[in-house]
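Each remark here refers to the structure printed beneath this line.
Labels for the chains are A, B, C and D, by order of writing; each one numbers its residues from 1.
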Amino acid sequence: MNHIKLLFFATIRDRAGTKALDLDIPADLTIQGLKDKLSTDYPNLKESMHSVLITINREYAFDEAVVPLNAEIALFPPVSGG
Amino acid sequence: MNHIKLLFFATIRDRAGTKALDLDIPADLTIQGLKDKLSTDYPNLKESMHSVLITINREYAFDEAVVPLNAEIALFPPVSGG
Amino acid sequence: MGPSTLNLPTIFSITESEIDLDDLLAQITLKSTGAAAIFTGMVRGVTTRDNPHETEYLEYEAYVPMAEAKMKQVADEIRERWPVIEGIALVQRVGRLYPKTPTVLIACTAAHRDTGVFDAARYGIDRLKEIVPVWKKEVGPNGEEWVEGEYIPKPGE
Amino acid sequence: MGPSTLNLPTIFSITESEIDLDDLLAQITLKSTGAAAIFTGMVRGVTTRDNPHETEYLEYEAYVPMAEAKMKQVADEIRERWPVIEGIALVQRVGRLYPKTPTVLIACTAAHRDTGVFDAARYGIDRLKEIVPVWKKEVGPNGEEWVEGEYIPKPGE
């Protein structure tokens, strides 16, 4: 198992209903696998999983990436600062 | 006769040795005529007359222009602000 | 040549405080600096383009540690593209911000104005709006709505 | 569309006082403003391009009433070329100014950053250095020397 920390921002946080979550996931889970798991466990997030940006340890990550041990994973919509 | 006010700036002022001068000139004198007169009356200014910028009443003026009555004429080198 | 890159001032911060242009400019001005290009964005109270509307305030939030790291990355990208740049400041203000308030600043300094300092500042704000994780919610007479970005970062960004 | 040109803030001044960027920016920010491009020039203490040298200070002087009229003209030219520009500030500081001190500022505001606000500011500083009657004398370890401009205004400028 892999113990990770999830952070949610903006619209994703609103839908998740929380800012952060600690989660245990299988050791070789990919980002795509994590999205699938979140869609199942948190139905409110399902629709967002198509357009969500995901970071692993503060770097942008993509579907094929395997989630590293004790990773800090953030989920958020395209940025809109400035 | 035409009574005009001359203003000198930067290098031209240094060479003229004064900031301002009141001058009586013939009524139909052109800017070129004024330059010639200044070259004769103030030998220090002669060399500067090739590259000097001249304004009549705060607008850039050229050799053919006739100096208007009671004009404010300024003489200065190309600008270097900023 | 100018001072080595190691000593060049680079400021990047997410802050809740007012953006102080004069102070930031002073911090990125070296003895060899002769020019600065600065961009600031502010909250528009009235928008006429695309979807005309009024704004009461914007509520900004950031993923702070990543946002600061990505601002540093934007500064590094600027220095790689325009090696003449001397100082760089990138500041994003967060929290509840009202119309006319500066929300973001990008400033670049160089010895002269004709070697890319304007382009560098322009690049900085464009890039910040692509990869720095900051979001804003708009609150107006018709309720509130998250402003949607559109850029999808590529691997390695 | 934005407010009528008549009410748009235009600041132009020759001053002996410190240039206050935050104050000037606030003065040219409207409710419809979302972006500002600002250029500032400062006294370089160390110059490496062309003729490398050091500068102790610069002594600026201006033909004040004409300089302010020409700054107004530069602002008018900016509005003619970029009608989206909302506020404009042009400030030239004069007197004895030391290295790192901002000497000149051009700031332009607009609703958005992608409709010419950067180009307008760039145009403003280029134009100011062509037609606004201001001169500077440079004082350094080897004595003093007037800085020579090179632009010759054409009739009607």
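Heads up, the rule we're going with is that contacts are C-beta pairs under 8 Å (C-beta built on N, C-alpha and C of every residue); 3 or more make two chains touch, one makes a residue touch a chain.
Just so it is clear, the model here is predicted, and its values are computed rather than measured.
The minimal number of chain-to-chain contact steps leading from subunit B to subunit C is 2. Contact with subunit B and subunit D alike is made by no chain in this entry.
Averaging Cα atoms per chain gives one point for each, and the point farthest from that of subunit C is the centre of B. The interface carrying the most C-beta pairs in contact is the one between chains C-D.
Computed from the mean C-alpha positions, the centre of subunit C lies at a distance of 22 Å from the centre of subunit D. Work out the mean CA point of subunit A and of subunit B, and you get 75 Å between them.
Averaging Cα coordinates per chain places subunit A and subunit C 26 Å apart. Note on chain placement: the centre of subunit A and the centre of subunit D lie 49 Å apart, centres being C-alpha means.
For subunit C, residues touching at least two other chains, in rising order: 41, 125.
Pairs of chains that satisfy the touch definition comprise A-C, B-D, C-D. Every residue of subunit D that touches subunit C in the complex is listed here, in rising order: 1-2, 20-22, 25-26, 29-49, 99-100, 102, 111-113, 118, 121-122, 125. Subunit C contributes residues 41, 60-63, 65-67, 69, 92, 103-104, 125, 128-137, 146-155, 157 to its touches with subunit A in the complex. Those residues of subunit B whose C-beta lies close enough to touch subunit D in the complex are 7, 9-11, 14, 53, 55, 58, 60, 62, 74, 76-82.
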